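Look at the two complexes coming up: chain A is in both, with chain B in one and chain C in the other.
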Partner chain A sequence: MSAKTQEEKAREQLIDLAAEFYDQFARGEIPEMQLPTRTKSNIEYDEDSNVWVYGDRTSTRSANSVRGARKLLKAIYTIDFLAQQLDQDRSSTLRELYYLSESWDNEEAQFNDQDESNQLVEDLEIVSEVTREDFHMRPEESGATLMGPIRIREQTRRGEREIHCQDDVGEGGYQIPNNPDTIEFLEHDVDFVLCVETGGMRDRLVENGFDEQYNVLVVHLKGQPARATRRITKRLHDELDLPVTVFTDGDPWSYRIYGSVAYGSIKSAHLSEYLATPAAQYVGIRPQDIVDYDLPTDPLSDSDINALESELEDPRFQTDFWREQIELQLEIGKKAEQQALASRGLDFVTDTYLPERLTEMGIL
Partner chain B sequence: MTSFQSTLGEDEGIAEELAASQREISIAEFFEKNKHMLGFDSGARGLVTAVKEAVDNALDACEEAGVAPDIYVEVSEVGDYYRLVVEDNGPGITKAQLPKVFGKLLYGSRFHAREQSRGQQGIGISAAVLFSQLTSGKPAKITSRTQGAAEANYYELIIDTDTNEPEIKAESETSWDRSHGTRIELEMEANMRARAQLHDYIKHTAVVNPHARLELREPGIDEPLKFERATDQLPAETEEIRPHPHGVELGTLIKMLEATESYSVSGFLQEEFTRVGKKTADKVVNNFRDRYFGREMSWPTPESVDVEAILIGAVSGKGKEATAAFATGVADVLASRDRTCHADLVEIVDNVAESVEAETGKTFGDTVRENAVEAAWDAMTTGRVDDGEADAAVGDADDDAVEVEPESVLRAPLYAVVDDATSTQKDDATVQGLAERLAADFEALDDFRHRLTHSELKRLVDDAADRMVEFDEVTFGETARENVVASLWAKTRTVPDEAPKVRDVAANRDTASALLDAMRETDILAPPTDCLSPITAELLEEGLRKEYDADFYAAATRDAEVHGGDPFIVEAGIAYGGDLAAEGQVDLLRFANRVPLVYQRGACATTDVVKRIGWRNYGLDQPGGSGMPNGPAVIMIHVASTNVPFTSESKDALANIPAIEDEIELAIREAARELKSYLNKRRSMEKRREKQDVLGKILPQMATKVSEVTGRERPEIDGALARIMNNVSVERVVTEGEVTLRVENYSDRTETPEITDIVSVEPQGLNGDASVVDLDGEWFVKWSPSVSAGETAELTYQVADDADFDIQVDGVEAEKLTVQN
Partner chain C sequence: MSAKTQEEKAREQLIDLAAEFYDQFARGEIPEMQLPTRTKSNIEYDEDSNVWVYGDRTSTRSANSVRGARKLLKAIYTIDFLAQQLDQDRSSTLRELYYLSESWDNEEAQFNDQDESNQLVEDLEIVSEVTREDFHMRPEESGATLMGPIRIREQTRRGEREIHCQDDVGEGGYQIPNNPDTIEFLEHDVDFVLCVETGGMRDRLVENGFDEQYNVLVVHLKGQPARATRRITKRLHDELDLPVTVFTDGDPWSYRIYGSVAYGSIKSAHLSEYLATPAAQYVGIRPQDIVDYDLPTDPLSDSDINALESELEDPRFQTDFWREQIELQLEIGKKAEQQALASRGLDFVTDTYLPERLTEMGIL
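Showing the complex of A and B:
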């Protein structure tokens, strides 16, 4: 099975990392680890894959400082743990890793907070070129769901399951597993994929039968989408050749949700090729919609304005569309939620707004 | 007073009655009632002040005699009183001087001298005598032995508070173990509540007088407090200087004028003041004359005036030829000059008259000359410009009727000056108007020579301008007026009159004040500074080192500066760390002319300066970023001056003089900069040590874990450790009887470790520049290579197999060193 070899490869990579430290010690050198600089200024557009990846700049994590040494010590302890976990074919969550560190014999190696352990796992992903999922590390909750006319086969710990994502599931839809690569797409009537930011809007679309009416696969993003959600979206696009659209609130934070679906996030730019769907199109809410449909709005807060201005500099938003929309929004000084469409009635979104927008975008 | 007022007029004898109850009070009596002014306001404080005054005197006496001071202070309880004894090894005091020194207030060699010394007013020690006498009723007991005297003299002395006269009550010869010196014994009502201040005073005195030996015994301590000498070097002897012209007050000046033997002001200045030579004296005298006599306004000779004709008319009976020669001569000179004042004219007339006399043999007597001068001056200053051109001037019927008269000859030159001095925004009518009025005013001057002082000129211009503003409704502001005055003043000349003699100046307060102004106005070199004796930064540090057990010391001495004619030098020192108390505020030690200031810290300029410095910049904790800093530090400040400005007679606090405060700040900052770099270095050392501690723990753990994960043997990590620490690694490797000592220098500069490898068997075949010493069966291999940054040095030798080693490394800071055996 290919998964087995994946795990073996992951384990080898981890041991290789440790061996690198070993060799550095043996040469009388100061152990260090090179990582791409994970800041906005160091992500670049990759022409081949149409996604945003880390640039050339790297930072060195060296044991030459107290801080650096602590990080490396934690890294080697984590490597040890992950290698053992793979050995025993177990898995654990990021949060479990954090608590698990409390049991380590060395206080210096224990994590101060979960951000630290999460970041370290990401670091290890980058240097070992193995994804977290292959380390058998999963996030605490994913919970994102699918709803639409597609039949899939999932390999679970309790055997294979075939599921139709409309007929075999309840109102809540099909829960995306942590490692969506265990899913096989069997057959479908899907015309396009619609990723929705909020639960309220997703429920509205399902209640109004939008998925059935237009053969839509509704993906619930649940805010900033988890990796699994982004991964399955990419697979739906790549493997089934489905157009992907993203429907969010009309504020700067939601544009970043779209950005991470389409181009990848700054934190996981090393996985952009694996997670990002550059062909994803943004439906709304656009600042233009706020004007056109005269939607109820909230004023932009200072942090909203800062976020918008920072997006104008963000390499992921350097298109005419985004520059126009962001500048418009700064000009009108307003933002709107998806639910604002309800001001025109509960069916407005499914009867009018989405059909109009999707037609305009050439999806319908 | 009200009762007197109500009866005023009823009783004509009231003034006499009051006068009868008024009588002269002696200074002693005055101070009896004002003890607090001298620092004797309480028994506790009185004792400290008495010690202070006696010790200050003793130190001064010793230093003047060139003797390293050895001073003994004893306080003991005697019944209800405290007895204070202060002994010194100074030159002693002669019998004639003794009562005056100890018994007469305001007697001292110091008051009139411009020289740095501890006591200045001559109040201190006699006030202590007085205080003891007033509280205990006992006389002061003084023993003195002059150098070479066979026996010491013993006196009992009291002060008659009515007359300020000391009286020797008893006197005898006595023996004394000191070969020379003075001992004073005072009994007074006192208490030891100010023990801390007393100790501080003695201790701080020891800090700033490292050349002195001090000993203090008092009832509260079992062992005497002894402060030994840190140096035999006495403070540099100071030169007495005469006062500086910028530093005297009017009263002092008048006294000096009265006392001087000089006849002329110039002689007086050169004789009595420092930094005044002939040239400077001349400058001062000129300025003085300008103030005393005023200056004469000069005028151009008007073209409309025929001077020649006027002079011919004024001279009679000298023959046509001589008269014409004289008139032409004067007219020519005047025509060649831009401007002429009355005194110039007198001189010109005299010169021309004399040369004409020489040529023609005619005598031009005083009357003729005076007539000529008067006629010419009259024409030059009161003449009228010919009609015809005058119409062009301002015509305003409402003006104060000047216009109807023909134009004064003064108007054109005044117009030129005013026009020049005022901005272009003033319209021509205004300038004309002012010139018009000024011309009339000059003509109306009482002094026809147009002699006026600066203030008179200013008043003249102000008057004219005020009238302008009033009648012409134009503005003529302060700046414009000042400019006009300045321009006119520039056209005036110093008069040739002799400056008043010294006795005349002394006799008249206003004249003396004019002289003082002239002195202050004149640029004069700063006073010399050899009258000052700073402790010097080196000895200051020595003094701190002696009395405070700290980790760090720094001191700075500034160059001399001048305030109000008195030169001063500021010094600052800082001690930090060690045994100094880490909690609470730093200790501030204040000194003036080597005397510790114990009381009134809050009122002192030094305290203000320390508080306003941002100590956080220098690595000290300072809550709120201002105020007294906290931490284990002592800050000391010494101000030496010929005249230290205190806030009061008790000499407890320095007055806030900006010039002195600035120097204090600079001195403190200079010392504080050293503190800062010391603290920075210490912090980086601490960081290095912390890093070493943490990494020394983490890296081995990391190595262990790495070997676990990889399943390999634990890697050797010492090389990595040494490199991480940026330090010097000394390593011994023994392979089959071959010993290699390796020094690897990972720091950023050359290191010279001194390595001693103690070997239990004799090392052979030493390869490298090391030496071996045999000490009782142990061999000391001594090696101190110089290893530059990033380099490695090696030493090899052979030993038998069962050798034991013990390596010691010196010469490298412990924090930087990693030794691997």
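Showing the complex of A and C:
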């Protein structure tokens, strides 16, 4: 669906929501809003879409208390603002929304802190079934960069821009915009997508010409990836049918980065179908690699150990591969960064490690 | 001086340094290396260059102890690696250097942790009087982005790229490469440079067309700016004679961001002439603005108060303006973010705040 249509849908959904409150009032009912319960125990694996989604449990926001009524009032002011924003084809950040509420005439509608406004926007995403991007709410920080053999067309406020993500960009690559649904994929020679956790490794791959040699589209994740980065990764997989691989450090936080690319996160379980790429394969440092390649390591900290143990319980990591690797890591008590591969020389990662792993995985 | 010439100079300086150790050995002397003492009390304001530089006190690294000898051994292995790297026109990250040392034949030369290798590279910058970038040492994270009416030419490993930083880029802007000395400024219509702390505000300015309306080159600082971002800002000022302004939040950490753009930092005092833009003017949120515009605020935390008090002692903030503003802030006990301007509406910053401030400052 094109971005324009999505925006129209977003506006309609918002207005429907407000109309529902109106109808509830008109029928003499106490207005309320139903939301899925947003806790770990209420996310489930959806066999059809292969991602984690909310379960059946719901919570109700009702105006039957002052606190509840205030929440719905804030929702109505926010809907009004968002509908106006879409009407004028403008956008704003989550932080601006929080501050902007200070200009609202009704003091009861103003947010107490940014957690409250962030939470409300997420609630509206869930009930309206459109995304924050469709409301034109921008994140504070933009997505990362692309480098590889693909030509894209970005619809900007200043007109269309056609950019080849190797020939028309500097060494820094193509900067992914906040809303990557403004991008259209034109022709490409990409064989697969490689999402890379750190800037140092991204630069290593580009310097070594890995993107040119293997027709790889290198996506820089910049640590825990922004929504824009996850979204474009998903679109590359779905629309161009490209295999997606994720190359991270070998520690529990990096496994979560892979998890959020592949399966989405609890916080954004309502967006899994929009953001998650369940077919994404892990090509990051495995505890097995620490042993096999004798990589330089750091000892696991207490918080690393806790995170690994909680991953053993995490529904996203219930596979033989992850159980084996996590148990091995707890046993050896070590973690390694992706740049630790440099202990075998600067070309080891592109000449040996990635080609071997990617061949094993059937990508090369 | 062109990048090529700088690299040759870097290589020569490194080899001279190694030759000096050789000569010391040959003369039967214990090898040593002199370095300026790198503490706050040994940085001074240089009247000629208008930046903070090291004072006269020096420390000596000598091989007259096992510890000192090991340090010099590590320096020699590092020099050998860097000279080779320059010879092959390759580059690496600071983290890769640390890991790479594990492949060195002499175990005594291997680094114990990354602080040690980072420190050594800084030492080599100081004694060789060339920069890390000239050694082809890349940072972990790249610089930020540019958006504005300028055409640049970037020398990449894959050939030259000419890019107009409005017409040839998406809404994300032009990604500054790790070493911005590979950039040549071609024609431009820029009237002044505006460095912006947060991504949210950077996007606001671009959405509102501030760069087009006032011929501004918007530089995103992304918090504490990377060296690449500070370097390109300095070059824009020095080579194109453009006024530079810095737009940040109104809190002590943001004043330090301004300070590092304008005067450099203690950690990189040896690089002030390369990185600092002493003529940069502060257009960020002032405590005065919190009062004048009645902005939404947060209370100062204890660490904010400590940071403000230490700024009152910091040689970079010894001006009437900063003393007044910092004292006012301690008095009102509040801080405000740049996005707090949204409490007056999304256009307040571009229609009112910046035009008023920039006119007062004589920039508009």
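Things worth noting here:
Going forward, the second predicted complex is superposed on the first by the 346 of 364 C-alpha atoms of A that agree within 3 Å, B and C clash if a C-alpha of one lies under 4 Å from a C-alpha of the other, contacts with A are read in each partner's own complex, and residues count from 1 in each chain.
Here is the rule we use: contacts are C-beta pairs under 8 Å (C-beta built on N, C-alpha and C of every residue); 3 or more make two chains touch, one makes a residue touch a chain.
No experiment lies behind these values; they were computed from the predicted model shown.
In the superposition on chain A, A:Ala19 makes contact with chain B only, while chain C stays out of contact range.
Once chain A of one complex is fitted onto chain A of the other, the partner contacts of A:Phe192 are absent, as it touches neither chain B nor chain C.
In the superposition on chain A, A:Gly28 makes contact with chain B only, not with chain C.
Once the two complexes are laid over each other on the shared chain, residue contacts for A:Asp80 go to chain B alone; chain C is not touched.
Greater residue coverage of chain A by touch, when chain B is weighed against chain C, goes to C. Within the superposed three-chain model, A:Leu100 lies in touch with chain C and out of touch with chain B [touch as defined at top]. In the superposition on chain A, A:Gly173 contacts chain C only, with no contact to chain B. Once the two complexes are overlaid on the shared chain, A:Tyr214 sits clear of chain B and of chain C alike. No residue of chain A is contacted both by chain B in one complex and by chain C in the other. Remark: chain B residues 690-691, 694-695, 697-699, 701-703, 705-710, 712, 715-720, 723-724 touch chain A in the complex. Those residues of chain A that touch chain B in the complex are listed here as 14-15, 18-19, 21-22, 24-31, 63-66, 69-70, 72-73, 76-77, 79-80, 83, 106, 108-109. Within the complex, the chain C residues that touch chain A are 90-93, 95-96, 99-100, 102-103, 138-143, 145, 154, 156-158, 161, 163, 166-178, 182-183, 198-200, 203-204, 207, 209, 212, 222, 296, 337, 339-346.
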